[in-house]
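Which chain is which? They are A, B, C and D, in the order written, and residues in each are numbered from 1.
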Amino acid sequence: MLWKRHIPILIVAVIGSLTLFGWFIDEPNIKAFVNDDATQWFDILASFAIFLGGFNLLKMQLQKVLRKKQGWQYSLFAIGGFILAIIAGFFYKGNPDVAWGTHVTADGTLFKWIFMYIFAPLGATMFALLAFFVASASYRAFRIRNFEATLLLVSGIIIMIGRVPLGSSISSWFILYLLVLIGGIAINSVFKNKQYTAIFVSVGIIIVTSAGSSMGWPLDQPGIFYLPHLQEWIYMNPNVAGTRSIMMGIGLGIFATSIRYILGIEKSYIGE
Amino acid sequence: MNDRDFMISVGGISLAFLIYWFAGHPYFVTERLVMFLTIMIFSGTLMFYIRKARRGEDIFLRDIPGLKAIEEAVGRSTEMGKPVLYVPGIMDMDQVETVAGVIVLGHVSKMTARYETTLNVPVSRAIVMKAAQEACKESYLMEGRPDMFHDDMVHYLTDEQFAFAAGVNGIMVREKPAACLYMGKFYAESLILAETGNSIGAIQIAGTASQAQIPFFVTACDYTLIGEEFFAASAYLSQRPELIGGVKGQDMIKVIVIATILGGVLLRLLNDIGLINFNILQFLKVT
Amino acid sequence: MKYISDLILKMSSVDRRWIFLVIALSVILPLYFPLGLPIRPTPTTQQVYDTIDALPHGSKILVSCEYGPSTKPEIHPMVLSVLRHLFKNEHKVYVTCLWPDGQFLASEALDLVGRDEYGLTYGEDYVLLGFRPGNEAVVKGIVSDIRKLYTIDAKGTKVTEIPMMNGVNRFEDFDFLFSASAGYPGTIEWVQYAADPTNVPMSTGTTSIQVNEVMPYVAAGQVQGILAGMPGAAEYEALIGVPGIGTSGMDAQSIAHLVIVLFIVLGNVGYLIERNRSKKY
Amino acid sequence: MFGEIFGAWVAVFLTFAIFSFLYKDNPFYKIAEHIFVGVSAGYWTSMFFWTQIQPNLFGRLWPSAQYSDGFWYGIYNFFGMISSSIFPEGGIDKGHDMHLTYLIPFALGIMMLLSLFKKLSWFARWGIAYTVGMAAGLRAYGYLNSNVLGQIRGTIIPLADPDLPMFSLLGASHFNNLIILVGTVTGLLYFFFSKEHKGNFGKVTRVGIYFLMISFGASFGFAVMGRISLLIGRFVELITYSSAQYHHATLWVLVIMVGLLGYSAYNDKDNPETEGS
């Protein structure tokens, strides 16, 4: 039990306190450890561990092939891809006058070819899938189910349209007319009285038209209905407030959770 | 407030620090004094409420829908005879969210042991693989079902963000899990997972402190633990008194933060109109 | 009227693959048939431009590239435009990378703008220090002692033999930092561990998704303006008068956004009709 | 030259194979997915070794600056015989001086590898413990500093600033500052756990949720822009690879793939239960 539980918990407490209070100790070795070595040690440790990961991946894929599980043919591609990358990484540089070690970031090597024509296109295309998923997610999720969902929808649309060139060509008067129509629909569905709706819409149109013609239909006046300015206001104020409260919540959450780990109050990641 | 020895130790520490301070505070990085005091005050608040909870004081915690839904989701998977997919984020154990994700995995694997549901945990980092395997093995042992645990339940795919997303997509559309749980630190791939999970009709519960990804989880998943709610998950799921006390302590820290903000606004007002010459912004200087 | 509401109802619960097809077309078509919509710079982009334009002649500028191939379409146009602006004002440009694949892209940008367009000499006008592993440890290393971290540059020549490196020992020796960032490590680490402690002014260009995380730092004045995604790149291209990929992508972006908004409106109209009908029965 | 053209065809095939997932899970996507998982795992294994273990660990244990003929460098020369590319002649020249403390991460790394054997599986716990300890200390300070203190400073707004207008759409104003103050405080209160969100307190947290929802909508709207531009980037590359210089790679691969998928869809229509394996 000593080696399996107490020493790991001791390591967490010692290293945790050192990296937390090291920020306040003006002593070169501790400063160097907190500023530099702590993360470097971790990077080295992670670089050893990734061999475990590679081994686990190979084991899983080989098992699939040997036991002829469903879709085992595709595992051959995974194994082949892994071996190709390992060969490019450790055995065959492809460009003799590049030293070992710099060949992973230098031009003209097999490693760079794999990066340019296999790794990069696959990564960029998977990322680009999001353009489709963002569209289908917003289509499905932006529904006026309740007031909160409506806020989500309205602020999303205003930002979406306000930040692209198209948005800056839409006149604020167009938005005003739109609001009059939407107001009309709302009144109609609430009072269910055609007369009220007709009055509201016609009065609204008269007001907007007279105001517009008197001001000479300026594209971006009144500013509050000009999408680019409205989106900037939403983005710099209510959005910053919402983001800030979440940031503080996360900051406090991470702080409290870290203290629980350092003080050994929570240790289930090492096992009860 | 009758925690005498806590008060004594706080008094002792403060006294010791004052003596050290006036003795010239050797080796102390003076410009970070405010951060030091903040850490001591916040940690003290946490400790106070943790001790209070350990002494058996009853602490109320409001419901978090997402956490109650986890047990329902595992139950639903059992009825449909389908696996539960659990993704502990794509970052390594050097991120606090990943550690929290592994701890929540410990609780979820207790449920899957109890309900005898198959659990599939693809991971993107090798150290997370080891930690997750240890956590699951421990949970299955504690539920008296070591026979159901096998190492391949937690398996490594790749360190690369989008290759991992591609691999998890493949698992989703082929094994069609009934419940997808995303607990940890995520980046842009969050919406790829959530949209694919939605397309196979799974119940999706996400928990993350990755600020930029919360909107996607909120729109695409059934339940989302937002930022701090995710860190409170282990207290809710374990119901251990000291963890619940810690959450209560966090709430009290929020009261301190809000008081600091409102007090700060007042102090700035007085400073701007010249009644006092203490600049709160300078005092809270971030270094 | 009933026929229309039935049509809308059917379209409001359409198979998502139709949405995918329409999105693909709304992006491809404008690439072949550009509309040339006007691009007006937003205040946050203008702030970056003004900050860089106000830098004293011949300043030492650190440009750090933290992006990879998958985020190249958004970030690379920014780096090209900022480099053109810096070289036009005859500044000294030092480039570091916190991401390994950022080094490939940084050298591509420097060759295109520095060498081909402005005919500058490597080692005297610009230098590529390249990638160092360690995430925020690299930022902290640059702040405390850049020469301990970068003993050689990306081409392997010793830093002591590079003329423009004279007098550059720590982050504070730079007059300005521009961080082209797509995630972690990136802008936030530069704010936390470099700009805040040393008060060296910094601006940034990020992917659209990271803008929300960085905006509070811009609002709090810790970062001088931000180029937000491809629109930010297009706006900066408009400000320096050299249109590039950012500008060409803007038409496709506007159309695609309009299509998404139309889908959202369609979905909501269908939802309202459905709710009214279910209330009736 | 050949590498570039062949590379273009590979890139085009892999791009369309990933896009085909939008249609449905199919053999092309499975091939691309498995290649991507395999290649990227090998890619990062190599990248980490050559950017971390060799320069940062061995570079600090056996730096060329302090090369000597003692016992310590004797071990080094022994390794050099096994692989001279990893342990080149005369020590590793990466600009580091000797740090024997780096034997600790070296030991933790070896223990991590040994944890492969079932009996020694608990060896990994020391490495995990170090990582969690380091993460707790560094992140606690970093997040508390920038996320909490930094944002508290940003929320302490000036009430008496004379040259601030009462309201302005762009730039600061008293009204905007009040919105930020109210939104931040109510948003924070939403994250209160130990109090029921009912009565007046419930109203305040409801205002908090409204601000959060506006913030989610805003960042979602922002993200749409970014994602579309990434798709633009892919199509720009595909258009480049459709030129004669690359033998019209894009056109050929597209036609073949659509044809095959169309054909298999036609077959599946006759016997729908044979879901693609």
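By our rule, contacts are C-beta pairs under 8 Å (C-beta built on N, C-alpha and C of every residue); 3 or more make two chains touch, one makes a residue touch a chain.
What you are looking at is a predicted structure, and each value in this text was computed from that prediction instead of being measured.
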Using the touch definition up top, find the fewest steps from subunit B to subunit D. 1
Going by the contact definition up top, give me the pair of chains with the most C-beta pairs touching. A-D
Cα centroid separation between subunit A and subunit D, in whole Å? 10
Once you find the CA centre of subunit A and the CA centre of subunit C, what distance in Å lies between them? 15
Can you list the residues of subunit B that touch 2 or more other chains? 35, 39, 42, 92, 94, 96, 99, 126-127, 130-131, 134, 156-160, 162-163, 166, 174, 188, 211-212, 214, 216, 218-219, 226-228, 232, 250, 254, 257, 286-287
Touching two or more other chains, which residues of subunit C qualify? 16, 20, 23-24, 27, 43, 70-73, 100, 131, 133-134, 136, 196, 207, 209, 212-213, 216, 219, 222, 228, 231, 253, 256-257, 260
Give me the residues of subunit A that touch two or more other chains. 20, 23, 38-40, 42-43, 45-46, 49-54, 57, 70-71, 104-105, 115-116, 119-124, 126-127, 129-136, 138, 140, 142, 152-153, 157, 160, 163-164, 232, 235-236, 239-240, 243-244, 246-250, 252, 254-255, 257-259, 261, 269-271
Show me the residue ranges of subunit A that touch subunit C in the complex, using the header's touch definition. 35-36, 38-40, 43, 99, 102, 104-105, 112, 115-116, 119-121, 123-124, 126-127, 131-132, 134-136, 138-140, 142-145, 153, 157, 160-161, 163-169, 228, 232, 235-236, 239-240, 243-244, 247
Of all residues in subunit D, which touch subunit B in the complex? 18, 21, 25, 29-30, 32-33, 36-37, 39-41, 43-44, 112, 115, 121-122, 124-125, 127-128, 131-132, 134-136, 139-141, 144-146, 148-150, 152-153, 155-161, 181, 184-185, 188-189, 191-197, 212, 215-217, 219-220, 223
Residues on subunit D engaged by subunit C in the complex (per definition of touch): 22-23, 47, 51-52, 56, 94-95, 142, 145-146, 150-151, 153-154, 170-171, 215, 218-219, 222-236, 239
Parts of subunit C lying in touch with subunit B, wherever the complex brings them together: 16, 70, 183-184, 196-197, 207, 209-210, 212-213, 222
Subunit B partner contacts - residues on subunit A that touch it in the complex: 20, 23-27, 39, 42, 45-46, 49-54, 56-57, 60, 63, 70-71, 119, 122-123, 126-127, 129-130, 133-134, 136-138, 140-142, 152, 243, 246-250, 252-261, 263, 265-266, 268-272
